[in-house]
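Think of it as A, B, C and D in the order they're written, each chain with its own count starting at 1.
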Amino acid sequence: MAEDKVKILYFSWIRERVGLNDELVSMPDGVKTVAQLLVWLQGRNEQFAAAFEFPEIIRVALDQEHADHAQDLGKPSEIALFPPMTGG
Amino acid sequence: MAEDKVKILYFSWIRERVGLNDELVSMPDGVKTVAQLLVWLQGRNEQFAAAFEFPEIIRVALDQEHADHAQDLGKPSEIALFPPMTGG
Amino acid sequence: MATKPIVRVQCDDFDQAAEIRDLVASNHDIGAIATFIGLCRSEGESLSALELEHYPGMAESQMENCASAACERWPIDKMLVIHRYGVIQPGEQIVLVVAASRHRDAAFDGARYVMDFLKTDAPFWKKEHRSDGAAGQWVDARDSDETAKERWK
Amino acid sequence: MATKPIVRVQCDDFDQAAEIRDLVASNHDIGAIATFIGLCRSEGESLSALELEHYPGMAESQMENCASAACERWPIDKMLVIHRYGVIQPGEQIVLVVAASRHRDAAFDGARYVMDFLKTDAPFWKKEHRSDGAAGQWVDARDSDETAKERWK
């Protein structure tokens, strides 16, 4: 069901490597923290392995708020994954 | 002779109190430092006494360079007297 | 109550003089306006453009967070932050921060604080377009941008 | 070699956008422009104008001294300082400082340094014109302007 799915957005070179702007994902059981999400994403396929090769540098936003890797995912409707920002 | 005279310029409320924009002055013997100049000016007349009542706050420039009160006058061609600056 | 900043994310260029005029028009007790403009650099003619990607929604909310924090920390009367996205050529404007206050210290501190936090917290990413046609790289984040924030602790 | 600043003392108003355009036009490796504008305040409508007196010659040389010192201390590519004199009404511009550099820290530091030294070293004096027609006072120097310079030691 759509209610169980979460929208994941990818930006910058993460978007280019995974080949997607965004997708709807069913979060697997056992993925409870940001760090666990990154491990799971890395294992999905070769493209995701390349995008998440160095998970420690990936920034994560839960419902548009910056989140630490140790943080619980909770039940966000939107998760964004991106490299360190270079605006300004 | 004109060569022995120095041009003194007055600015802001010092100019208003002495009633002059500038004048040519023969420097009296014994006036060797900036501090001595201020004492001499204070004694010239009532208007100068009012302008130089608090000599410690007066700023002095010798040939357009800021000078300390302890400094020797030297032989400037132009001396300027003014209150603390309020530009910007 | 702290000033509510004006924040905009836009593709179009901005006219800083018009923006400042609008910002301070009605207030004759503003004595100081500090402005920062970030421009696209050519890196010695090696770049033909920068392409700026952003995360709509979060970009605005992060800009508003850091601008509001500045308005709470210093007595700022008016604050404006504009950030562009899309393809921007060397010499063109990328970002504008304007902080207006009675006195200059609040204006300078406010504008600089916003730039320091915007650099590391606002979701924008720059990709290089190279003059020689080779594939452009994504610009790397600078460590100095992370450490710049330390001065506000 | 350190950048030679452009310094002007003038009665006429200035157009900051045109000044900045001229200043950085030929240089596409400038990434950061920090600007400060000082405006005449009405002090809660009590003032109808400020009258600015200056010491011609020394005003320019003191402005040049502090702008040159900033260009020697930080990697500044372009620096412009304009100070007006004469009668200036509330909301009108009094002073403009523009510092342009590759990176933002030099631009911010340079502009602020020039303002701090200009305040206490450049021979300008402000006299108030009061809205109620009473005799205006000369503006007193602020102690905080003297202490502001300490941060650059």
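Rule of thumb we're sticking to: a residue touches a chain if its C-beta (ideal position, glycine included) is under 8 Å from a C-beta of that chain, and two chains touch if they have at least 3 such contacts.
In this text the structure is predicted, and so the values were computed from the model without any measurement.
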item: Most widely separated chain from chain D, with each centre as the mean of CA atoms; value: A
item: Intercentroid distance (Cα basis), chain B paired with chain A, Å; value: 73
item: Distance between chain centroids, defined by C-alpha means - chain B, chain D (Å); value: 27
item: Mean-CA-position distance for chain D and chain A (Å); value: 48
item: Multi-chain contact sites of chain B, meaning residues that touch two or more partners; value: 88
item: Per-residue overlap in chain C, given as positions that touch at least 2 other chains; value: 38, 104, 115
item: In contact (per the touch rule at the top): chain pairs; value: A-C, B-D, C-D
item: Contacting residues of chain D [partner chain B, same complex]; value: 38, 52-55, 57-59, 61, 83, 94-95, 115, 118-127, 138-141, 145
item: Partner chain C, residues of chain D touching it in the complex; value: 15-17, 20, 24, 28-45, 90-91, 102, 104-105, 107-108, 111-112, 115, 148
item: Complex interface listing, chain B residues touching chain D; value: 9, 11-13, 15, 61, 64, 66, 80, 82-88
